[in-house]
Amino acid sequence: MALTIGVDIGGTKIAAGVVDPEGRILRHAKAPTPRGDGELLAEAVAGLVRELRESDREPPTAVGIGTAGFVDEARSRIVLAGNLGLSDDPVRERIARRTDLPVVVENDANAAAWAEVRFGAGRGCRDAVVVTLGTGVGGALIVDGELRRGRFGAAGEIGHYRMVPFGRRCACGNQGCWEQYASGSALVAEARALAAAEPVSAARLLEAAGGDPEGIEGPEVTRAAREGDPAALRCFAAVGEWVGQGLADLAAILDPECFVVGGGVSAAGEILLKPAREAYARAVTGKATRRLADVRPAELGGEAGIIGAADLALR
Amino acid sequence: MALTIGVDIGGTKIAAGVVDPEGRILRHAKAPTPRGDGELLAEAVAGLVRELRESDREPPTAVGIGTAGFVDEARSRIVLAGNLGLSDDPVRERIARRTDLPVVVENDANAAAWAEVRFGAGRGCRDAVVVTLGTGVGGALIVDGELRRGRFGAAGEIGHYRMVPFGRRCACGNQGCWEQYASGSALVAEARALAAAEPVSAARLLEAAGGDPEGIEGPEVTRAAREGDPAALRCFAAVGEWVGQGLADLAAILDPECFVVGGGVSAAGEILLKPAREAYARAVTGKATRRLADVRPAELGGEAGIIGAADLALR
Amino acid sequence: MALTIGVDIGGTKIAAGVVDPEGRILRHAKAPTPRGDGELLAEAVAGLVRELRESDREPPTAVGIGTAGFVDEARSRIVLAGNLGLSDDPVRERIARRTDLPVVVENDANAAAWAEVRFGAGRGCRDAVVVTLGTGVGGALIVDGELRRGRFGAAGEIGHYRMVPFGRRCACGNQGCWEQYASGSALVAEARALAAAEPVSAARLLEAAGGDPEGIEGPEVTRAAREGDPAALRCFAAVGEWVGQGLADLAAILDPECFVVGGGVSAAGEILLKPAREAYARAVTGKATRRLADVRPAELGGEAGIIGAADLALR
Amino acid sequence: MALTIGVDIGGTKIAAGVVDPEGRILRHAKAPTPRGDGELLAEAVAGLVRELRESDREPPTAVGIGTAGFVDEARSRIVLAGNLGLSDDPVRERIARRTDLPVVVENDANAAAWAEVRFGAGRGCRDAVVVTLGTGVGGALIVDGELRRGRFGAAGEIGHYRMVPFGRRCACGNQGCWEQYASGSALVAEARALAAAEPVSAARLLEAAGGDPEGIEGPEVTRAAREGDPAALRCFAAVGEWVGQGLADLAAILDPECFVVGGGVSAAGEILLKPAREAYARAVTGKATRRLADVRPAELGGEAGIIGAADLALR
């Protein structure tokens, strides 16, 4: 049985684990993330790898890294990772040198997406899009059974195709990007606008925010929606509608078997997915005759990054 | 040297050819398309195959079919082909039985796209999108060196992702589909609207249409644009802008190395591609740092279908 | 009691009547419309005026004309009236010469709108917008108790402000005009698209049109909606939503006391007005604090033109 | 010669003047604005009135007040004035009691607009729209020679009709309001986005802001544009385009003889007005045949409020 080590490098901590071929994490290890120094980061990762190897009877045979930031097309360097304070860092070589193991580097969202398709909500799907609804909207494309990164490693920037001409401004510099409508930020903006315009309807949301619409945050909207608050449910319905429209657009282009929807916003589960699924079914081209893709919630939660990175190292 | 036969089944004629591994057509044959009867159609194709085999010293080893209409995900049956008058037709089995050769069936646009990537404008690109600007907008996705069809064979319906909320109505039943802005129909609509609103500016276009804006057709707009007519050039600039926005959206999602732009509208060459390329470069997310995909005109013209089908049969 | 004569010149017939100061028509007369000849048209109108005067004990003191087409800012000439076959015709002078009475000329839609505000749904409102939902969308502005025509006589072209950037093409040459979303044509387009996309849901509408979506016409959609057909009701809901958004935009600009909604589409009454009113209330700026305008159905029907023209002649 | 006193109540100071029937200010007076107390505010205004009366040989016969905030339809009370800290304040009665003169109260933007139409850029126009491009977009309607306030005093909220469905969020709670595209805030947002996306092109703007896109402010964009900076000119071109589209929409509805464009953004003069005028001419419905309204810069600057208020008191 081939074991590998998966490492998930985030802005504050590094989480690692020994993973078996079934995607089970056998042992965990973690450490804080050193920022702004590639050598220190590699050393921290190597330390975790050493720790995990020692305790193994059957030693892991490879290391998979899922890292925040943009990874080059050779899957070797971190091109830019703002919240690690790194740019153009030869992360693969640094870690390989220290561990004497083959190392694979992948973007963390891609690694997590891969885990969902291998062992989570998308298992068995050879064609899938993993949509991550966090502060923004991220994505990963699985086409014919493999994670696809595009020619320059930038595929899956699905949050930045244009949904609305002259729409809301996006931090990417464009206007009307999908993530301005379908993300956690969009949910919060929706709730704040609703609270400002209709304070009575939004009493529950306002109360939790001390009466200030601008104090409303995402987790509270989710909590309120779960408890049946109509205002919060309206916010999810609005965002879900935009999510569904985006899935319809992606289906026209990619025709996947399933969409796996993860990220913080998806914690609301069917509260979000039901309107998304309905909007998708209404909006997709050829709806009268086509087979609809499943729209499923992600299953693996926070450990998806470790599992996916480890599995990518197997290949 | 393995030769294969490529067959392009269109609404009025069937064109076939013996193709070598370099994508050269060695011999041609053609026949009218029998409509509405799968047996007759298969017999006509088999007749062309026989004709082409007889004349060969080195006999072809397989047959690739590119057909109008929608092909099932097993690439075996025509699910629906309106202009062949067929639905749910076991075309592969019918032809295989008659020819005793392995048969591969593909949608004709996909076959032509494949030829462009193997031997034409996209050769050498492992990640490409072939965009066909005809009456509508069609597409084919090449990801990691292979033509990808999606889970249900419907990938590449790029003309039907939504470009404009509440936009122009599309025959697909939706509103605001890309093809309502970036196709040959869109070019003609642009020219007609311009001629109605500004008859003086559009004098050249109107004259060719006998004075009736509704009489303006695409080829005349292309001809006028080539001869420098400012009104026709404005129409191409408008459509090119929409083409470029669409390429930007596709690049965000797929990150290809190149876009190959074919179809009737692309006959205008740089008149269309220049504004498209500029709009793409302006609109693509991450433009400050990303590598831009090439935007190239298709090269193989009308024979791309035969060549691509033949090459697919090699695999 | 001052009586006046109101004349409504339409494309096929001229309807006239003696009207008292309360807006009651005391006597009627009518004649076919002579087309393409201003002298003949004036003669026909003068004939009706003579006929109506003879029968009166108390003779009318003035003539008000409501005519199809565009009337100049001096309310004296028909600038252009396509369906009368006239342009730049000195209609006031022609009729005044023949009748020896003071003559006032107004656009027919304005005349009808004036009647609604004086004696119909808008009576008592010093600030009103009359919205006519026919094939297109027309409008008339009553500001501070008077019909206002703008500087050049073209005010109230409310169907042609832009509702959707890059939206549906309009016969006026622009894109996204309100009337492409809120008119009778829009209702029919909605019904046809629905019938094409969802033939089962739209069975009732399709049946009445002999199975062809393109055969669906407005009156049938209204009839079906009145009988509770869910598909027809969806069409009215969609159009009503757009009507309401437009009213919200007009309210932001004009702040009227009421909107009077007339024209063929408004025959559906509350089926249209309810969704329109709801969308208006949701969309209008400052909704939390502002006083909402009433949204009322027109009351005077086909005789509004005669009544309004007659009343304008009193002033 | 009838003299009147005009008073302009702003958030920080009260400016007053004796104005002659030709709109000339003969004498000035001013005082700081007491906030949050209607009695103190009225006392401050009355003090200025006394001061101005004493020095006059010919005593003023009435007082016109232009005040920040929302004035009721009877032009008697301040309904709400956030930056005066007042709501539902009987300002007219308070001042009339103290001065023994007839008092007229108007919103300050309306007062200034009236001055422009009486004595400034719009003089001689009986139908005009005064558009104020400040932080937001305000407006005042002159129809048939009179300032019109709508039924509930809220007419002219032209910044809040919807320009873009699902567009940028507005502080009013809606999305896509015109002022999100055509105001000073929009200009600044445009410049900041440009500076973030294209730092090289925007070097001049960035330098003035200490290198931080978010530090860019409107006056600097205007200065840079005046000195020919291409990036700043692009920002004005973009905003001007939106201004022009809005004028086209207003022209369709109101058909004015002229638009007077004032407010901070209009300080750029033709840099803004030229693209606005061009976009207006391109976008207005019926452009082939209609008479275009003039688009003129406001002329009276900061004293328009005093002059307009004084003139309104004459009526």
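To keep things simple, chains are lettered A, B, C and D as they appear, and every chain counts its residues starting from 1.
In this text, contacts are C-beta pairs under 8 Å (C-beta built on N, C-alpha and C of every residue); 3 or more make two chains touch, one makes a residue touch a chain.
Keep in mind the model is a prediction, meaning the values are calculated, not measured.
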{"item": "Angle (degrees, nearest 5) of the CA superposition of chain B onto chain C", "value": "180"}
{"item": "Most remote chain, CA-based centroid, reference being chain C", "value": "A"}
{"item": "Fraction-based call for chain D against chain A, same above half, different below", "value": "same"}
{"item": "Cα-centroid distance, chain A relative to chain D, in whole angstrom", "value": "47"}
{"item": "Distance from the mean Cα position of chain D to that of chain B, given in whole angstrom", "value": "55"}
{"item": "Interface hub residues of chain D, defined as touching at least two other chains", "value": "163-166, 173, 197, 287-288"}
{"item": "Of all residues in chain D, those that touch chain B in their complex", "value": "165-166, 197-198, 287-288"}
{"item": "Chain D to chain C touching residues, read off their complex", "value": "80, 125-127, 139, 141, 143-144, 146, 148-158, 160-165, 172-174, 177, 245, 248-250, 252-257, 283, 285-291, 293"}
{"item": "In the complex, chain C residues that touch chain B", "value": "163-169, 173, 181, 189, 193, 196-197"}
